[in-house]
Structures are given as C-alpha cells and as structure tokens.
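Sharing a structure here in structure tokens format.
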Amino acid sequence: MIPQTILETRGIGKTFGSVLALRDVSMGVAAGQVMCVLGDNGAGKSTLIKILSGVHRHDAGAYLVDGQEVSFGSPREALDRGIATVYQDLAMIPLMSVWRNFFLGSEPRKGPAFDVAKARRVAREELRAMGIDIRDVDQPVGTLSGGERQSVAIARAVHFGARVLILDEPTSALGVKQAGVVLRYIARARDRGLGVVFITHNPHHAYPVGDRFLLLNRGASMGEYGKDDITAQELTALMAGGAELEELAHELRRE
Amino acid sequence: GGQQSAAPPASSAAPQASGAGFSVITHGAPGDSFWDVVKNGAEAAGKQYGVKVTYQGDGDPAKQSQLIDQAVSEKVDGIVVSMANPDALKEAIGKAVAAKIPVVTINSGAESSKEFGAITHVGQSEDVAGRGAGEQLKAAGVTKLLCVIHEAGNVGLDQRCKGAEQTLGGTVERLQVDVSNLADVTSKVTAKLQSDQQVNGVLSLNPAIAIAARDAIKDAGSQAKLATFDLSADVVTAINDGEILFAVDQQQYLQGYLPITFLRLYNTNLNTVGGGLAVNTGPGFVTKDNAAQVAKLAEAGTR
Amino acid sequence: MTVPAQAAADERVAHVGLARRLLIRPELGAVVGLVAVFVFFAAQSPVFRSPDGIANWLDPAATLGIMAVAVALLMIGGEFDLSAGVLTGTSGLILVTLATRFGFNVWLAMLVGLVVALAIGFANGLVVTRTRLPSFIVTLGTFLMLQGINLGVTKAITGTVQVSGLRRADGFESANAIFAGTIEIGGTSFRVAILWWILVTAVATWVLMRSRAGNWIFAVGGNEHAARAVGVPAARTKIALFMTTAVAAWLVGSILALRYTSVQANIGIGQEFIYIIAAVIGGCLLTGGYGSAIGAAIGAVIFGMADKGIVFLGWDADWFKFFLGGMLLLATLANRLVRRYAEEVRH
Amino acid sequence: MTVPAQAAADERVAHVGLARRLLIRPELGAVVGLVAVFVFFAAQSPVFRSPDGIANWLDPAATLGIMAVAVALLMIGGEFDLSAGVLTGTSGLILVTLATRFGFNVWLAMLVGLVVALAIGFANGLVVTRTRLPSFIVTLGTFLMLQGINLGVTKAITGTVQVSGLRRADGFESANAIFAGTIEIGGTSFRVAILWWILVTAVATWVLMRSRAGNWIFAVGGNEHAARAVGVPAARTKIALFMTTAVAAWLVGSILALRYTSVQANIGIGQEFIYIIAAVIGGCLLTGGYGSAIGAAIGAVIFGMADKGIVFLGWDADWFKFFLGGMLLLATLANRLVRRYAEEVRH
Amino acid sequence: MIPQTILETRGIGKTFGSVLALRDVSMGVAAGQVMCVLGDNGAGKSTLIKILSGVHRHDAGAYLVDGQEVSFGSPREALDRGIATVYQDLAMIPLMSVWRNFFLGSEPRKGPAFDVAKARRVAREELRAMGIDIRDVDQPVGTLSGGERQSVAIARAVHFGARVLILDEPTSALGVKQAGVVLRYIARARDRGLGVVFITHNPHHAYPVGDRFLLLNRGASMGEYGKDDITAQELTALMAGGAELEELAHELRRE
C-alpha cells in the first residue's frame, strides 16, 4: 500500500521581522498516517502548524496539498481543503458559551437559522465521549478549567476533521485519563484514513501512535524518521535528554 | 493696491494691500444658519469688488483668536471679526492693529470695538435683538415664555434670551436642546409644554428649531405663540400660514457685505463709516405682512 | 467513583434562584436601570406617566433605539462607527435634495440614499478590515469627511445650509405615512418609528441569538484571531456589520427627513456617541464580544427617559446636563450592581 | 548541538536594517505621518513654513499636546477620560471666578483649581476601580455633570455664560508670564505653552520607559488580571493616571484662562475626543497596553498642522472638515503602512 | 524534625455563581516540603491555587498562614507574605517585553528609576539558566512560543519566591529537557527550605519530587497521602487509569 500524501512542505521557512522562526523544513503526511513533530521549546513546531493551517503564510519554500502548490490566505481556505486544527494558543472565545465555541465557523443549520438545540446536544455528547462532563454547555468558555477548554477544542477538531487533523500539544493540559482518550481518538482517526499531525513533548504519548517523527531544533529540521528506523528509547533520547528523567528521580530525592 | 479701475484712486497714504484678501472670522459654528448668511454676504461683496474673501468660524474664543493670529501672519488686507467674547480677542485684535491691518468688528462687541482699534462696527448686538423680540411677544400677550437654547453656554444665544427677558415683563424659562437631533427638540419642547400649561409663548433661536417647535406645539395641543430668530424657506412658509408669529431678522447679510465694502473703501480711499458710532443692521421683523416678499430671498440664502 | 445519575443532578451545581439566573443576562440587568429611572420620574410627574407623556418620550427613544441596536451589533463585533450620526444627515440630505431639486420621486430618492449609505458602510468596513487601522480612527475620518460633504454640497446646491420643501415632492404622502406617520392607540397618537424600532430590535435579536451570523459576530468581537483560525469569515462579518449600521442610519435619516420635510446640513453631528452610550448602558462591552440588541434598545429608552424626564420635572435648564450625567451614572451603576450580585466573578 | 558563540550572533536572528528597526517603535511610525503632512502644506503655503506660521500652528498643538500626552498615558493604562475636555473649562472657570469675583490672588485661585481638578480625577479613578464600570461610561457621567456645573455655577454667580476681567486681578502679571507668555526666538514670538508641552512629554516619556510606574501602566492596560496577579497595585495605578489627566487639564485650562483672561461656560466640550484622536494618530492602541508619550505629542502636531494648514491654504471653510478627515486618515494610514512594513506580524 | 507548617486550609470551599468548584478541602504545606496536587481536569486544582495566592476569596472554611487565619483581598497581600505563584492562565502581558514581564510588580530600582540594565541582564540570565535561550529580551511576550512563555513565568516565580512557591502545571508546555530543569528547581527550592505546591498531570513528574500528595476529584478531596504511604504505581493508578497507558500502546497499534 502506497499511502497517498495529502500535505507536503518542501524547504519551507518563516521569518517574523528579524526572528527566523523556521528554516528549510521538509515534511509530509499521508492518509492514514500519524506524523509526530517533536522538538524543544521554541523550535518552531507551532509556527510550522500555523503555516499548514493557513494562519501564517510561509515566506520560503513550497507548501503542497494533494501535490498542488498552495499558499493559504486564511484558515478558512485550509478548512475548505479538509484541514482541521487544534491550536496551542488561538483556541477559544472566552466570553462565548461552550456550544457556540464548539460549532463556531461550522454552525449546523435548520432552514435559515442556527440549529441551537442540535448544537447544544452534540457539544454535550462529544465532550462526554471525551470523559469531560461539562455541567452546563451554556457556561462561558473563559470560566472552564485549562483542561476542559483544551478538550472542547479537541472535540471540535475531531468532530469536524475531514482529511487532516492537526493537533498542537493537545494533551499538555489533560489528565492521564483524558490524554488516553485523545490518543485513542488519534488512532481512530488514523484508522479512518485521516492524516494526523501531532505535536507533543511527551515521548510516551508520541511513540505509541506515531508513524513518522519529525525532529525540529532551533527552527531547523534535524531529520525525519519512520517508526521502523527508531526505537522508543532512541526517540526519547533524541528529545533532548528524555532518559535523564530516570536519573532525575534519584537526584531529586533528598540528599 | 490699485486693483480695479472702477475703484477710487489709491491714495499714497492708504495702506498697501498685499493681495492676500480679506479674512472674515466669526464665532459661529460651521453650518450655523445665521452665520451662513453672513458668509454669503461677505463672499458676494468679495465677488463684487473682485477681492479674495475667506470665511472662518469657531465658537471657541481661543480658536477664534488663533484664526486671527493666522490671518495676521498671512498679512491679509483686512480682518472682519465678530466679538462675542471681547476680552478673549483683545490680544489678537491688538496684534492685527499693530501690524497695520484694518479691522472691522461685526455683530456683538460694539462697546469694545473702538477701544480695540477697529475702524468701525457693523451690526446689532444680540441683546438688542432679543429686546426687540421680547417687546413684540409682550404685545402679542405672552406672559410666560420658553426660550429654546440649542447650544448651551453660547454667549450669543444667552444674550438673546436675556434681552427678551428684559422687555417681556413676564417670566422666561430656558430649555436646552440638541440642535443635531430634531426629534429630540420636538419631544423636549412638547414635554415642557405638557408639564407646564402656563407657558404661552415659545422663542426659538434658530430656524430649524422653530420648525421642530412648531410641531411640538401641535403635538402638545398648546396655544402657545411661536417666534423665532432668523429665516429659512420653511420659516417663511410657516409665518405665511400663521404658525409662527414673526421672525427676528438682523439682516445679517449686511454684517458680511458691509464690512468688506468698508474695508475696501478704507484700503483704497481711507474712508471710515459711522463717525465712531456703530452701523446698525437691525433688528427687522418678518411677519405675515412682509413674509411673501422675503420668501424668495430666504431661499437664496441672502435673508 | 462517578455519581450514577449525572444528567439528573450534578452535585457540583449549587441551587440558585430563578431571579438570580435571569439577572445574569445582559438585557435583564438593563431592565433594572429602566425600572428605576421610570419609577423615579413617574412618581414625580403625572404627565410623564400619562399616555401622552409616554408617547412623547418614546418618540426620540425610537429613533435613538434603531441606531443603538445597530451600533450594539457593531460593538459586539468589536468595532465602532463614529460616522453613523452624520450618515443620518447625509441620507436625509440626499433624499430631500434629489426629491426637491432634481424632481425625483420620494421613493426613488430614498433608494438612492440607501445605495449611497450602503456604499459608505462598505467603504468603512473595507478600510477597517484591509488596513487593520482601529475603526475608531477610520470612521472618525469618514465622520469628518461626511460632515464636510454634507455642508459643502448643500451649500453648493442650495446656497443655504438646509434643503426644504419635501412636502411638495411626488410620493411624499405614502412614504411619510410609512416612515413618519402616527398610529392612534387609545386616543393617543404614537409615532410609527416605534414600530420600526421594535422590528429592528426583533430582527437583530434573532440574528444574534439564532443565526450563524450571530455566532460570528460574537466571535469576531470576542477574539478575532481565534475566530479567523476556526474559519469564521471575519472580514465579511465586519463589513456586513458596518453596512448594517449604515442601513440603520439611512432609515433614521429618512424617517426624520420625511417628518420634518427639511434637513439641515449639520444634523446628526455628535449623535454617534449617544448611540454608543445607549448601547453601553444596555450592557454592551466597549471591548467587544458581549452585549445584546434588547439591552441596547432598553439603553435607548433609559437615555430617552432621563433626557426628557428632567424637562418634565421642570428642573433648571442650566443644570440639565448635570442631572443627565448623574442619572446615567446611577442607571448603569444599578445595572452593574445587580449583575455583580447575580454572577459574582467573571474575568 | 548548540552553536558555540551564542551571545555573539544567534543564527535565528535575521539581519534587519537600522531603518526597519527604528520604524517599529510606535513614535517613529508617527514621525512619517508628521513629515508627510508638513511637506504637503509647506510645499503649498510659504506662510505655513515661515517662522511666524510655525509659531502659529505650534501654539494650538502645544495645548493639545499636553492633553494628548496625559490621555495617552491613561489609554496605555487601559482607560478613557471623556471629562478631560470639560475639566479644562472647569479649571479655567474656577481660576477666573475666584480671582475676579472673590478677590483671590491668581496664584491662590490656581491652587484651588488644582485641588478641585485632583479631586475630580481621584473621584473618576475611584469610581472606575471600585465599580468596575467601563471608564467610558463613568467619565461620560463626569463629563455631563461638569458641563452642567460649569454652566449652572457660572450663570448663578455672574448671570451670564462667561466670566472675564482676569487682567485686573492680583498676581496676573507673574502667572501670565509663566503660563501664557511668549518667548522671542529669532524675531518670532513663540508661546511658553510649547515649553510646558515639551516638559510634559519628557516627564511622561521618562515615567513610561524608566520608572516602575511606567511598567505598571503598560501592565494594567495590557492585561489587568495578570498584572494584579503578580502584585501590581492596579487600582492605585489607574487612580494616579486619572489624576494625572486631571492635572494636565488644569494646566491647559489655566494656560488658556490666563491668556484670554476670560472663560466661557462651554469651553472644552468636544475636545476630549480630539485628545484621544491625537493619541491614536500617535500610535496608542484604544484597547490599552501599547503606545508612547512622544507619539501622542507628535499626533498633536499632526492634528494641529492639518487643522491650521487647511486655513493657510485658504480652502473653503464649508469643506474644512472634509479635508481634515481625509488628512487624518492619510496620516494614520501612512504611519500604519510603515509600521506594517517594519514588523510584519504582531498579534 | 517537625517541619513548620506555612500554609494550611481547613474545609475550604468556593462557589462561582451556581458552580461549586471546590468543597471542603483540607491541606497544608510545610517549609522544605513539596505538596503535589493531583486530579482530573476540572477537579478544582487551579481554584485551590488561586485561593492560596489571593486571586479568589474562599467562601467556606478557613485559610491559615503561619497558623493565623487570613483572607487575601489581592495577590499583592499573598506576595507580601512570601507566596509566589505561577498561574495556569493568568500568566503574562502579551504586548510587554520579556524583561518587563519578568520584573513586573517587583521592579529593581536605581534611585527613583527602574534599573533597566539590571532587569534585562537578570532576565536573560535566569532564562538561560532554565535552558531557554531567548534571542532578545525585548521581544514582546505575546510572540514567544507556549513553552518559552511558561518558562518566563516559572523563572520569575523562582527568582522572587520567598517562602512558598505555588506552581500550576508548570511543566505542561515544556520540552523534556526544560521540564527536567523545572523539577530540579523545585527540588532546589525545597532544599533551601521553601514550601512548594506543585500541580501536574504527569505522575512521572510528581512522584520524584513530591513529599505529600493531595488528590482532588470533582471539587472534593479524595485524601492526602505521604510519600511513604503510597508507591509510584499506586499513585499512577489513583490518577484515574494512569496504568492504562501501557495497554494503550498495544491497543493503538494498527489492528
């Protein structure tokens, strides 16, 4: 089976004023594949994701969707090509209720109107399926806990994810149980034939679901590995001293 | 100097005109219907004599004096200025006089005109006009008058009301309204008439306010008599229909036209007019008797 | 470890009275201000509470209300329109000038006015979304320019600062009846503008609460970047809001022109802030993302009542603004205290 | 894996020209607007660029600038003050009334005015911080109330709407020289207000950039909750900003009263927006947290030049507002385009 | 050695409108001790932390500092008692530069002025010590990556931490290396005699440094354990199915 590549970047780069955030990064994600992007803080992962999803425009290299070169002017254009994203920081409208946020930009209709009853019901169900039992879907998102907010964003992207699902540190604010649910979602999306781009700092989260691993450092690519090329140990080691954690446990005990 | 052959020969003693023209600087807000007629008068005179006339107006005395300062630095041939607040303009006018620019004062400020060094004063102070209105309203049997002020704190409007108060003999109540919102004017005048049945006269200080007040009197079912300052085509029609008793007409066209004429004569022939006394332009009254004649003129913006 | 009947009753939800739950809504906070101001004046002035008196203060509240509702939508969407007040004048001037100086039928003249208003609204929106300049400064530019155009063009065409004589134009009667007529209710005649106002408020409320566009409006005002990131057409939404405000200005300008049959070149200047004030009294946030159409309509009534009520009480005109300021402050304070009691903390 | 000489040169920093780095500063963007407007008028009017002409348009720019700088600080701190304009009138009225009707020495009368202004600023700040109402609505209340007081008290004391005759009061000469005098430079007399303006701008810049208070001002305007969470005394900072604005209003009110020796009861109404406009032209964000004092001072000059330049060109007064609006729009647009070019993206 | 209790809550509770966020929670932290607070998303951890640091006022129970009952009206009061906090959501002023944010509220002085040179230098040094090499401390915080922003907040709290350090999910956005640095900081603070309250979802982070563990669920306390009462495995299990992760690894493989 030769998986069909949906997204591809070739030597892509991005500069903010004098800041070189991303340099010469090439990657691709195919249908039914999970691409994990790993790297230190400030390595450029979110910048890459924002280019893929149309928030930023790249200023070097080429970005291809279905083999066709594109340059998205807005996230709407990316969404219309079936690319759904959970952002690390551009998440929610704090003053709006959970259900309004959930369906923002893709409101279900009933005649000319917004089908409010359906929106509430679906939002509640999708969140409960993630193990988040929201008291009241009318609660403004700004009053949710950090993890609850993140869950709303993920549930939304999963619900609307059409061909590619991009997740920027989706599990960072989540409890162990919720993180497990999200990993299962990723696996399920992959099995349904979606391409997934998954960013995380946690090698325990990345290795089980990932098919390919892109490593970024200081804005540049340090190589892309298939799952067969690399073991969990090697990956953890590559993530800048992941193995240290075990030593730490000893070091941190009271002397 | 010496622009037109039709003009009297320029005397060698006469100040030299620089060609920068005349500057008219009033305390009227732009778009104010009274001052617009002054502007029309000044511009007509300018056209007549083939001289440049620029008009500026600002209700803030500080701004007005800055405009005078500007005219002085431009070395204009003459300045026409209205003095609602003589104290505030003293310094600026003094500078103009010191720079040998002839100044004619118009409208209010007759008392200070000579002291400040103006060559003459043309106009009619607002309180004299107000007194005239008060007399007429008294004759019409008004005992309690509502004076509608459309710009709170405006000196000219306050003087008009105060003048009316002096001659009416009865009580004068003031009402503040917002000139840029006529629905508000109608409603406030109605409110006043509804809540105080004693009021049997309304004096408006602007033609648009007059029309709004006319509707208010109708809405409130009041018998109050209505009079106004200044003209517009609608006001003239209403006078004809008997809805408005009279309009005080200061003939302010003259307050624009005459000063330009006088300055022109001064610059070319060193003439001064009035012999140290003010030249009066009013008050005249437009009533049912003469409304028909002035109707056309009001529509053309010269009355 | 989990409570069995979760849906039925969540142990994490405290019991809260109905009153408190209602008061949390932005519009219902404003109702408290409304009642307070009404009671204050009605208690002291019998005319104020008489049908005639009510018809009187409802009339300016209606035209203000139409604008306040449109401006509230725009503010919820995170923008201001300072040109809205002058645009009422522009629309009225176009109507009267075309009908009286160029022989247009009144309806046709209104149509032209509508097209111009829409174009101005569109231009405002386009400049704001394209340049990303604050709308405060862009519409301030439009405000000044329209002010100049209103005066300059009127002067150039008529030689005076006003155009009048609409009564004699073709189609005046029908247009006047629909936009500026009165309706009798129990012997008191109310202005039809009140109906227009109710209609505008109802439509705006529906759009805000029950349409996709409403969701987008809240979103672009609450966090434009986030909204754009999930695919909300932010620029289109904002342009539509500016055009809505322009249509409201056209409606109000036409109503006033048809009613007074003449328009002065300086009409509407300064009104733009009254619209914003009404919207804020009604609970709209200046920072966008929060508010309601009904709240703005109520804010307009509060402002209208305070504005007229002081006249009904016959207080000294010199102190008018003092009382008005005090009244507005107290009304918003009442609104605020009630909502604070109801919701406690909201970041 | 790391580059050895990190401090020396970071490979993640692209080379960017000096010009581009300078243009990113909020004040330097405004300079572009300034130059554009100056060149436009200077090219067409020799008087405009003559020393006399410059003294002319610098004069109103100075009083506007003092207010714009204070208002800019307040806006950076996330608040508005709509009462600032009327407060200049209140301060002037207090000064002239006390000096002419109650025989106060001019200096003493000014001191009383200062105390009253400080009290009003304090009250504004206290109400805003305590009630958490938007300052737009609170200071609108103050604005209306002061307007009423200005008129009501002046009428009650003098029977007219203006007080005059300050010239004859004790201490007038000395106060006038310091606040309203002129200084000769190369044969042209410039107003001392210009010096006051430079002083105010310098102090405000120092406070913003080099003091703890400046850090707090940016913080409370940028994100008040976060600022409070790290221990910034947000309420105190805001109250101090309102008081600063009040002091500036007092200074400007006194300068104008001493210069014109009389004050009208409606002075300053509507100016509050000009202050905000100047600050916004100078690069302040309406949403708070960003801006500069120098920018606001430059914004005041841009406004002053456009305002007076149109008169110098002798364009028809009817169209004045049209040109003014167009000019302001172009100046801010130039500023914006330059900054966009310089910084590309900033959320 | 009986450690001296600095902070203590007794049956504390908090309600937002109709939302019961926290009910009857008792806990304490002593000098030289690390108290870990664990729990699902929305369990009330951040609410507890905000009460401790003066952002919210509790509305039931008692809060004691040094054995004395207090009710802080503002975070300033808590700071003045030596309680420094890294919040999950109230972090930074986006438009302000890194160094200004770093010293916000505790600006170093030089005469009457803010000692700008020192502020820049210290900010840069402290961040570099955390493994974050900021290009330019003048960069607005809003343009930093998620992890860089978090690091600034932590570096600040550590720098100014006086007696108690409260950290709400400090490691969630951090890379493995940076997370290790933060854990070392926590241990170092503990060794210097500070009390630390540490919230995290990651049992691998919690167990090595924690001395006591408070478990919250749906706003209520599920018990407080000493390190000797509980093993790493038990703790992970208590954190709602942490052990599942291992099974997941298999489950997530392609079927």
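A, B, C, D and E label the chains in the order they appear, each numbered from 1.
Definition applied: a contact is a pair of C-beta atoms (placed from the backbone, for glycine too) under 8 Å apart; a residue touches a chain by one contact, two chains touch by 3 or more.
Here's who's who by UniProt: A, E = ATP-binding cassette domain-containing protein; C, D = Xylose transport system permease protein XylH.
None of these values were measured; they are calculated from a predicted model.
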item	value
Shortest walk length in steps over touching chains, chain B through to chain E	2
Shared chain contacts [chain B and chain C, defined touch]	D
Of all other chains, the one whose Cα centre sits farthest from chain D	A
Between chain D and chain E, centroid-to-centroid distance (C-alpha), Å	43
Chain A-chain D separation of Cα centroids, rounded to whole Å	47
Euclidean distance of C-alpha centroids - chain B vs chain D, Å	34
Overlap residues in chain D, where contacts from two or more other chains coincide	12-13, 147, 151, 225, 318, 320-321, 347
Per-residue overlap in chain B, given as positions that touch at least 2 other chains	30-31, 152
Multi-partner residues of chain E (at least 2 other chains)	16, 18-19, 135-136, 143
For the chain C and chain B complex, residues of the former touching the latter	45, 47-48, 52-53, 56-57, 59-60, 63, 85, 89, 150-151, 155, 158-162, 164-165, 193, 256, 259-262, 264-271, 274, 307-308, 311-314, 317-318, 320-321
Touching residues on chain C, where the partner in the complex is chain D	131-134, 136-138, 140-149, 151-152, 155, 225, 270, 276-277, 280-281, 285-287, 316, 318-326, 328-329, 332-333, 336-337, 340, 347
Chain E to chain D touching residues, read off their complex	53, 55, 74-76, 79-80, 85, 87, 90-96, 100, 103-107, 109, 112-114, 116, 133, 135-136, 140, 142-143, 156
Residues of chain E defined as touching chain A within the complex	16, 18-19, 39-43, 45-46, 88-89, 132, 135-136, 139, 143-148, 150-151, 169, 172-180, 183-184, 186-187, 190-191, 201-204, 207-209, 236, 239-242, 244-245, 248-249, 251-255
Of all residues in chain B, those that touch chain C in their complex	29-33, 36-37, 40, 149, 152, 173-176, 178-184, 186-188, 190-192, 194-196, 207-208, 211-212, 215, 219, 232-234, 298-301
